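What follows is a pair of complexes built around chain A, which joins chain B in one and chain C in the other.
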Partner chain A sequence: MGLDPDVLDGAPVPVPVAAPAPAPSAGSRAALLVLADGRFPAGGHAHSGGAEAAVKAGRIHDARTLEEFCRGRLHTTGLTAAALAAAAAAGVDPLALDDAADARTPAPALRAAARRLGRQLLRAARATWPSPELDALAAARPRGAHQPVVLGLAARAAGLGPPDAALAAGHETVSGSTTAAVRLLGLDPFDATAVLARLAPELDHVAARAAEAARRALGEGADALPAASAPLLDLMAEQHAAWAVRLFAS
Partner chain B sequence: MTAGAVRAARPGAGLRATARIVAAVDGRGGTALPVLDGAGPFALRRLRPYGPGARVALVGAMSAPLGGDRLALTAEAGDGTALTFTTTAATLALPGRTGEPATYDTRIRVGDGAVLRWLPEPLISARGSDLRATTRVELAPTARLVLREEQILGRAGEEPGRLRSRLTVLRAGRVLFDQELAYGPGVPGWDGGAVLGGLRAVGQLLVVDPAFEARPAASRVLGEGAALMPLAGPAAVVGAVARDGLELRGALDRGWREFARECRDGGIWEQE
Partner chain C sequence: MHLDHADAFPHRHTYSAADPHRPDGTRRALRIGLGGPVGSGKTATVAALCRELRDGLSLAVVTNDIYTREDAEFLLRNAVLPPERITAVETGACPHTAIRDDISANLEAVEDLEDAVGPLDLILVESGGDNLTATFSKGLVDAQIFVIDVAGGDDIPRKGGPGVTTADLLVVNKTDLAPYVGADLAGMARDAEAQRGGLPVVFTSLVTEGGVAPVVEWVRARLADWAVRP
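Moving on to the complex of A and B:
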């Protein structure tokens, strides 16, 4: 695909309103890098994934405790989010997945954060990979759908498959906490990145499980998806939401 | 279905046991127990009721679940009934002779206008044990539920076994709450700062009541390790983590009082 000189000039590209809905493009693998990039403008940087509360409680204080925190997060809410994203990418009804996400998120602070992040991601994704499915989700959930569901649908719009959507969702559950820990603890960024690298094989495994569950959910519905939970993340999110002053939104 | 328990002929294989409770209205404003069927580790006892509701206690009649055991418990609270379920002692998951995990599956249905209070004593995961527990609750649209779940990881001073559980609650056919928990050897990250962070007791008190539809519970933090959290639906849960079972029960009892203060509805909140 050649570069469009109009885009390089910064001029607005007119979009023909009556044009037929674009079919999901035949997946460019590099779209995964765009979607999973921390600089993708979807507001994720404002959230610590529970790390701010865990640092305050003394549960994260160095690279080792950060790693155990991230490992627990990856195999619980990370797996659940990855499966929701994979299922959305596979074509499971996103509204049913949004309900499934609600049932898997008992902490109201985390439901609110997931919907806020979902709304921001949906806005960015619709501009990046226009798709009638993203438009329909925005119309059905004007206050935002759960972020992993939006992520999966965005991956689908970008032509990515369920395993890629699962990888992106799983990566995000640990990368956000790691970045936050660097800022909160003044942790060496090299050490923090090494944590992510050590978790990479486990992320592969979690994403594969999530994609397999998504395949089952196509036939059996959203109940077939994992519902792995982490008690401390739920409870600490509620405490964090009650703080008067905090650096991160969640 | 007939209840029964069978120690398989094959040496080393686990026990298969089922038990069943059925509550139905007795036609005089009360609740009868037409089926109270259990064998092996399940001995069910009818307790003297406090009011019009029925009370059932599960009495531990033998050591179970051991590794390899397959236990199944079903309870049906028919339309308009009030049923309270308790156990006389904690359930202790122990290792079996084979390395096979044990399973313990509970299936609960609550009819319209019925109230079920499901208040078992804790589940203790002993060192070397491996248990997969599932609980699935199906509620009719106007059913009410109080469900307490407590998991203690290891006996005093002991490393825990492996415990995996899933609690799913459906209301009018739609999933309201779905939670999987996994702890112990071989479970990645379970003792880190995201999941249990060195604590050894975890539990919850889940309340479903159509009254929350008009007046949802407000979320609030209940001390260091507990919070009352309204769900996305007419329900709320008090989640708690603690160092041990005593501390955990204290936190859940505080949660119970929070609920009771909010909904002054005697029937469901009468403390056991």
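Moving on to the complex of A and C:
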């Protein structure tokens, strides 16, 4: 948090990339609603996005502190996830993006969670929007690719573009934590949903930055993507993974 | 939203329970779900089933704990199966979601067990303790057992609900406690029969020797059906 992701970006190294295949054209904008729906059966309900650890530590205790937590997540790990998803939707090589996601996820617990969720999303997406690209990723990463990469490729399979993939990834970054906080704290669900509404303009902004970075990554490779991270989320995710009693998997 | 529409929305894709074959063409393991309220004896039933069946069959268990690994650890502690045959799925405070609305984590656990210790004959998927409406998706299991107990109230069969009315087998457990809690077993049997339209009901007392036998018999019949199903 508080780190300027642009400063963290690696120096852009031009990487020759194959011309991306055109995105499938059969999509509909409404597919975004299907993909971003919290009920999409891809395992997200069992994860809190760091909220459980933050609640236990007393950092989230009401709607205001939930909003601060979500804002921090959105501009750090949210931006990084949104850019990975946008790049995958744009046609950047998903395996290169998977490596880039590893490099941007220092905490082993979060790497494991991201791959587990990616594998679950891949299953749901292949059944929902069958696509050779999703099949190829599943064959190359049978234990799962990073979830934002899968999300972007699923958006592509659904005929959605990079900006929509970025929106879906960014939204998920904050909506999962919000739902978890409602369950953990008994927060008023109207107050919690209002937090998401207040963050919406910032989510638009983050998604636009992510889509712009994805556009550059098409020519320059995955190094053009932001590498914003939140060290406290990383540290607390490692602690959370060692708890004997917890409600959420991460 | 939570109603089952098995006929209207069949699971035809190849990522779930609907396909009874492994990619190599052999018949995959039969998957049986066990659901029911907290404390009714689901884990004890799973443990007893494992003890009875493990010598003749290749078995594995998936537990869906609500907030701990308690159920998985109970099975490990009692050494009903080797540890590599027991997997715990975390459910984010929503056990019914993990067995019905979003089965992806459970499907992965089932597949990982097949990969690690397969080929398996039978996989038992135990739900976390939940409410009377919690049933398994047909995309996850081939048959399901709903476990209630006499101490939870002898009016539960009369109240019905999807678990009681639609499960392939209803188990009424802890019959040994009936005299102490004033439960009317004959009345429970009548109510269950009325609610279930001919689906089987068995009464068990797992603290007595061979108490799980009626459930074992039912599971063996399902395995026999599974082996000859096209």
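As a convention for this text, the second predicted complex is superposed on the first by the 225 of 250 C-alpha atoms of A that agree within 3 Å, B and C clash if a C-alpha of one lies under 4 Å from a C-alpha of the other, contacts with A are read in each partner's own complex, and residues count from 1 in each chain.
The rule is simple: contacts are C-beta pairs under 8 Å (C-beta built on N, C-alpha and C of every residue); 3 or more make two chains touch, one makes a residue touch a chain.
It should be emphasised that the depicted structure is a prediction, and the values quoted were computed from it without experimental measurement.
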First (chain B), second (chain C), both or neither: which does A:H47 touch? second
Going by the contact rule set out at the top, does A:R39 touch chain B (first), chain C (second), both, or neither? second
Kindly classify A:A228 by the partners it touches after superposition: chain B alone (first), chain C alone (second), both, or neither? first
For the overlaid complexes, name the partner, chain B or chain C, with more touching residues on chain A. B
Given the touch rule stated above, what does A:F248 touch, chain B (first), chain C (second), both, or neither? second
I'd like to know which partner A:D99 touches here: chain B for first, chain C for second, both or neither. first
Answer with first, second, both or neither: which of chain B and chain C does A:K56 touch in the superposed model? neither
Between chain B (first) and chain C (second), which does A:A107 come into contact with in this model arrangement: first, second, both, or neither? first
Taking the stated contact definition, name every residue in chain A that is touched by chain B in one complex and by chain C in the other, in rising order. none
If we count contacts the way the header does, which residues on chain A are in touch with chain B in the complex? 50, 54, 57, 59-60, 65, 67-76, 99-100, 102-109, 111, 202, 222-223, 226-235, 238-239, 242
What residues on chain A touch chain C, complex-wise? 39, 41-48, 116, 119-121, 123-124, 126-127, 180, 183, 244-249
Any idea which chain C residues touch chain A in the complex? 13, 15-16, 66-69, 89-94, 97-98, 101-105, 107-108
Provide the residue numbers of chain B that touch chain A in the complex, in ascending order. 166, 168, 174-182, 187-197, 199, 202, 219, 221, 225-227, 229-233, 237, 239-241
